[in-house]
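Paired with subunit B in one complex and with subunit C in the other, subunit A is shared by the two complexes that follow.
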Partner chain A sequence: MLNLRLYMLQRLTALVMVPLVIGHLAMMIYAIQDGLTVGEILQRTQGSVAWFCFYGLFVVAVSVHGSIGFRVILHEWANLRGRALDLVTLATGIGLLILGSRAVWAVTFAELAS
Partner chain B sequence: MTSKDDVLSVSVWRQTDDETGTFQQFDVPRQESQTVLDIVSYIQQNLDSTLTYRFACRVGMCGSCAMMVNGEPRWTCRTHVQKAAVDGKLQIAPLRNLPVIKDLVTDMDPFFDKWTKAEGVHHPSATRHDAIVPVDTTTAQRTIANEGIECINCAICYAACDTVSGNGDYLGPAALQRAWTLVNDERDGGHETVLDAVSQNDGCHNCHSMGSCTHYCPNELNPMKAIAGLKRETAKSWLKW
Partner chain C sequence: MKKPARTHRLWLAYMLHRLSGIGLVLFLPIHFWLLSLALTDRAAMADALQFTAHPLVKIAEYGLVFLLAVHLFGGVRLLVLEWARPVSNRWTDVHKTLAAFAVALAFAVSTLFFLRAL
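Up next is the complex of A and B:
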């Protein structure tokens, strides 16, 4: 259910997420000190390659990490196994990737592209 | 005339068919230094001869008498009633995570099959024609190997493991500890084979490090540490790709 490859992928993505989570939380705390509007957020993120890379990487890491973790829970608690387990893992990963990518694109380059 | 303190109220698992069973109540006279195995033997010899259970050495060597005692896995021959009984009551059941054959006897096949699946077998590195190479017992690697060799295959760690409960195919603490011992045994010629075997779908990477195996091991071994060692070694080999 969890082989070496999935185990390593989950650990490595966790490693990637540690600085990203800290950066995200620190930025949130800093940014809302005097209140913040949607406009102000978009003003900072739109067209920013740095924020695109920051949250883009975050989304990829979350998609891999989360889907593998969800796979373990489904196997141990719902007794899902075999091909069904593989498909649900993949669907979860792709789902998270699509949802996350849409959000990142929306706050960085969507306005500029249209 | 016996008082309440002289009698122990014991409920023992009785298998009624392949799938289910029920607890049967027995009153057993208390004795000094009485073990849980003494209780089971008393019931079988004096109260109900159809009770089935398994034991051999009675001294904590053979690993065959493990059962669930008041919900916890224990070696019954070395467990004093005085320590295990709660409010003068004792509940005795077959080991968790293994199929029950009858009453207190479990089918140990899945447990031992996993030892083989984890490559917990000897992989010769020399032939009988080679000279015997002395083993240096003071090296760090030999010290690690020695930490696991007192395992008596009692399956208490296996019964205690919640990961085995959730994932019936998981190799379990005992088989993985055996694998780790072999990885650190210089006489074994199958280190790569063992690491490969424990890296498969139901291998060491499924361990959640909850530590029940180490907590309940009657020989005070540390399978959780052994599994952590396997995770470390396999991760290193993966990164070398």
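Up next is the complex of A and C:
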């Protein structure tokens, strides 16, 4: 169900995300005071290569990590296996990647590119 | 008498890691969709953000931040468990302490978030 490649990918993406999640938590704690507005979010992220890279890497890592984690749980708890398990893993990963990439693009360069 | 596995602190840590992972994977599409509104419908995004001022939503956010923090700190503990060599025969005790520490740290981080959100 988990071959060595999936196992290593799961752990590698976990390692990559340790500093990213710490950064994200710090940012949330910093930004949440007085509520959030669209302008406040976009002012911080729009046109920023640094945030694009930070959240872009985050989205790639979480898509891989989340889909493999979900795979393990579906196998153990829902007894899903074989091709169905592969398809759900892939759909979860690609779905998260597409939605996440779109979100990162929306808050960084979408307006500048249009 | 041996304690049942389900009352074992490390079993609880394992279950918390798993449930927080499921919660995060289910929440992410909503999170991404909300941010994508910046591209398609700014007014709807503003409305959604306005919604987060509601006290019940703030409590839900508190829960989500706790899930993220506990998955992070619990995950670091798992990486240590898998990749670091056992240093003594008290390895399980070390991990029980680390598991409790992970939950405490997650609670502290998410409470800090919640207090600032209020």
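Operating definition for what follows: the second predicted complex is superposed on the first by the 110 of 114 C-alpha atoms of A that agree within 3 Å, B and C clash if a C-alpha of one lies under 4 Å from a C-alpha of the other, contacts with A are read in each partner's own complex, and residues count from 1 in each chain.
As a working rule, contacts are C-beta pairs under 8 Å (C-beta built on N, C-alpha and C of every residue); 3 or more make two chains touch, one makes a residue touch a chain.
As the structure is a prediction and not an experimental result, all values here were calculated from the model.
Participant: Clash or fit: how do subunit B and subunit C relate after the overlay on subunit A?
Facilitator: With subunit A aligned, subunit B clears subunit C, so fit.
Participant: Between the centres of subunit B and subunit C, viewed from subunit A's Cα centre, what angle do you get? Round it to the nearest 10 degrees, please.
Facilitator: Apex at subunit A; the opening toward subunit B and subunit C is 60 degrees.
Participant: More subunit A residues touched by subunit B or by subunit C?
Facilitator: Tallying touched residues of subunit A, the top partner is C.
Participant: Which holds for A:Val49: it touches subunit B only (first), subunit C only (second), both, or neither?
Facilitator: The answer is neither, since A:Val49 touches no partner chain.
Participant: Based on the superposed arrangement, let me know which partner A:His75 touches: subunit B (first), subunit C (second), both, or neither?
Facilitator: In the superposition, A:His75 contacts subunit B only.
Participant: Quick one: is A:Met8 in contact with subunit B, with subunit C, with both, or with neither? Answer first, second, both or neither.
Facilitator: Once the two structures are laid over each other on A, A:Met8 reaches subunit B alone.
Participant: Check whether A:Ala103 is in contact with subunit B, with subunit C, with both or with neither, and answer first, second, both or neither.
Facilitator: Only subunit C is touched by A:Ala103; subunit B is not.
Participant: Check the residue A:Ala91 against both partner chains and state whether it touches subunit B (first), subunit C (second), both, or neither.
Facilitator: Neither subunit B nor subunit C is touched by A:Ala91.
Participant: Quick check for you: in the superposed arrangement, does A:Met27 touch first (subunit B), second (subunit C), both or neither?
Facilitator: So A:Met27 meets neither subunit B nor subunit C here.
Participant: Would you give the minimum C-alpha distance from subunit B to subunit C, in Å, for the three-chain superposition?
Facilitator: 6
Participant: On subunit A, what residues does subunit B touch that subunit C touches as well?
Facilitator: Looking at subunit A, the two contact sets intersect at 11.
Participant: Within their complex, state which residues of subunit C touch subunit A.
Facilitator: Spelled out, the residues of subunit C in touch with subunit A are 18, 21-22, 24-25, 28-29, 31-40, 42, 45-46, 49, 52-53, 65, 68-69, 72, 75-76, 79, 82-83, 109, 112-113, 116-117.
Participant: Tell me, which parts of subunit A touch subunit C in their complex?
Facilitator: Residue positions touching the partner: 11, 14-15, 17-18, 21-22, 24-25, 28-29, 32-33, 35-38, 41-42, 62, 66, 69-70, 73, 92, 95-96, 99-100, 102-107, 110.
Participant: In the complex formed with subunit B, which residues of subunit A make contact?
Facilitator: 1-8, 11, 72, 75-77
Participant: Subunit A touches which residues of subunit B in the complex?
Facilitator: Those in contact with subunit A are residues 163, 166-167, 169-170, 199-203, 205-206, 231, 234-235, 238-239.
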